[in-house]
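Below you'll find a set of structures to go through.
Next, two complexes with chain A in common: one pairs it with chain B, the other with chain C.
After this line comes the complex of A and B, so read on.
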């Protein structure tokens, strides 16, 4: 798994590549916590993620809870149809803003 | 601070896996800091080995014998470190005597699933053919129990205000006409919440969703070559695990989250969730059955055994869970508490619940400890407890089930009396008068809240088939039509099975409307069977336990072809919810205790105030005084119901209304479409206020305004 962190227009953007499962979730969690430190908003780019396990979904939820505590929002970008389906069936999707591109994500966060 | 505790670190090592002495409670596998605590009870095993698998692998990656000093009492416990919560599958080998005549059936060659596992792998996708050579087919797994419920909690709707919809997870949305993405799953039900709201029910009762094996006793239908499976699921493999194959995400092991999401969403829409739970037997069968878990862990504890070591069969399915054994009783309690607290379940319906009142030797107990424990349990205090108050061993306790002020019952006598009344049997008017009052003859001290009223349920004919078949037609089950009940109290309305005869089809629809009407104007809690609101047919099969076919799948196109039935069902359900006078928590007193000039309930016949109680009578009218609603605490409209089950129309003289109120017609099942029932508040005024010409085999509902 590869994780890249950027700041785009003062918003934290985390790009993930590879599967997020119980093996890689701790690494993802650690990087994400680091990246969102002091941030009110976050965009997570999942367009290069093919599989998100229960443990992976829980890291996303943990990020959501931390951001929500700052009254912020979490945007997920490029989520595959299958992962969206899983997130919808398990209710996780309700916590996130789902968009196709990072630009759209920035736009939706700016609109508040 | 947390990581300075010394029990966060291992003390032992075996094949590179680190572990330490565990804690005996809670039973099962519990995530603890840095590891998992495993705890399993066996009263007679000599030794136990923990077997660990990587998910889906054929062979275990480790087997760790419990050191002798890790056994506390009869509990083996150990904490194992650095396990992958998500990928782990675990089981146990138990060593001990194999002396069946003494009740011992230990076999250390078999890997056993944990009776307390919260997720069970192995049947992850419905009807995906399993690997029959798997050395460990039903695999215990860990569950993430950190679901975000937000503000959700069980709804605690008073039971008399519920309208229950009995439903099968696959049956509800498997048919292509359901037209949704994840048919036959928990997620599929969620897609249909708008439908449930539009129908007007406020409680769904799910047929068994504890993990079972649809492949159990699977075979080919001799008639058409189709596979017959265990479709209903009354055969539990594990009591704590939701059925993975009922989840669209079961293949990813996310069934727990999917089911919780469904329940949370139903609660948001005011719909309660009951589970049909099967604590009377397990899937292990009799002495010829498979050893999956209980039999190999502690046969003598979990099962009622004959003095020769065979299995008592009060369930009709091979074995009987030994529910009044203190250890098994605690397991049942732990299980229900888990579902109530972890899944926010609102109520439980206990399959063949009379068994729960039997002693370890099978004899009925006067004060069954399990039933008492459930009734007084702190965690279950607000859950509805509903008994199917009979078993397959001949114990029939409708009206006499040990209730402790808590238990309600599936009122089998309601079903039988209403069915016979509808088909035109005589001698029933007296009994019907009791049934529509919430059966005070059965539940005098318990109130109408003890009575779950129903005319059809999963067991037996659908409502449509009750008026389309005299006899069961179960040939497709492959048992030479010997399975299923014979006392259906059904009448085919003049022709066996489908017909083009318009008069017969009209009568069948009318009878369905009659049944729904009587059900909804009866005190107690009504329950309808999924699909009865749109005339679902099982083609005369009254025992479709093995049919994973269109016979059981709800055909949503019926909403168009039987639009009149659905409209009727919607409005009669709304009528019940609009009128608290139909939903009393206490029995009628049969006098005027609020000074309205009318008794709370009065009976009538073709002559007002003079019901015909004679043996040959097929008529009954009754009037509920609106000022007596909910024990006189609420004012409602006065309601009059006339039931004519005679084959000719009859004039019913109507009770005179005081104070300028007029009778309005809410429902008249003898009328054809759109005139048979009216929207609440739009009931037309009745021209002749003194009498009503009630059609043959018809029910009329009037409202005074």
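After this line comes the complex of A and C, so read on.
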């Protein structure tokens, strides 16, 4: 798994590449905590993530809780159909803004 | 029935998913059924590795047996950790899933995904081994 953290137009952007399972989730969690520190909004690009287990869902939940505490929003980019199905079966989907591109994500956060 | 053995370590998760993916594709499962089976086996393998072996200070293996018969793909995990029956865990239900994310309990999610990801999930303990059995119906195209 590869993770890149950036700030784009003062929004934290985390790009993940690879599989998020119980081997890699701790690394994802660490990078995410670091990236969202002091941030009110976050965009997580999952378009290069093929597989996400419950360990990955737990990290998304942790990110959501942190950002929600700042009254912010979490945008997920490029979530595969299979992962979207899992997120909707477990009631996760409604808490995130799901978009196709990072640009769309920035746009939706700017509109508030 | 084919057998392949994996060391009980999180490094095995990726090759284990690859292996089951290939078997699923050979068996003719579609993309969605394949993904859900891979998710199911990943969740149970994680439990066996982390809680069955590692937390108990043990090293060991997971034997993976696969078989296609009667329009069903069967994947069986066998391990030598202490008996653990995932089907006895209390699972989250719709009421939990309707709760806001900041209030909801997170336990049991992996086993929920396992049971919902396959046509049938069974657990047996025999000859001092845990047997986790995943069955997926193969739909004709």
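In the analysis below, the second predicted complex is superposed on the first by the 112 of 112 C-alpha atoms of A that agree within 3 Å, B and C clash if a C-alpha of one lies under 4 Å from a C-alpha of the other, contacts with A are read in each partner's own complex, and residues count from 1 in each chain.
We take it that contacts are C-beta pairs under 8 Å (C-beta built on N, C-alpha and C of every residue); 3 or more make two chains touch, one makes a residue touch a chain.
What you see is a predicted model; the values in this text were computed from it and never measured.
Residue contacts after overlaying the shared chain place A:92 against chain B and chain C alike. With both structures placed on the common chain, the touch criterion links A:30 to neither chain B nor chain C. Considering which of chain B and chain C touches more of chain A, the answer is C. In the superposition on chain A, A:53 makes contact with both chain B and chain C. In the superposed pair of complexes, A:19 makes contact with chain C only, with no contact to chain B. In the superposed model, A:68 makes contact with chain C only, not with chain B. Chain A residues in contact with chain B (one complex) as well as with chain C (other complex) are 21-23, 53-55, 57-58, 61, 85-86, 89-92, 95.
Looking at the complex, you find that chain C touches chain A at residues 10-11, 13-14, 17, 31-32, 35-36, 38-39, 42-43, 46, 49-50, 92, 96-102, 104, 106, 109-110, 112-113, 116. Contact residues of chain A toward chain B in the complex are 21-23, 53-55, 57-58, 61, 85-86, 88-92, 95. Chain A contributes residues 19, 21-23, 51, 53-55, 57-58, 61, 64-65, 68, 81-82, 85-86, 89-92, 95 to its touches with chain C in the complex. Contacts from chain B toward chain A in the complex involve residues 84-87, 144, 146, 148, 181-182, 185-187, 247-249, 252-254, 257-258, 260-261, 264-265.
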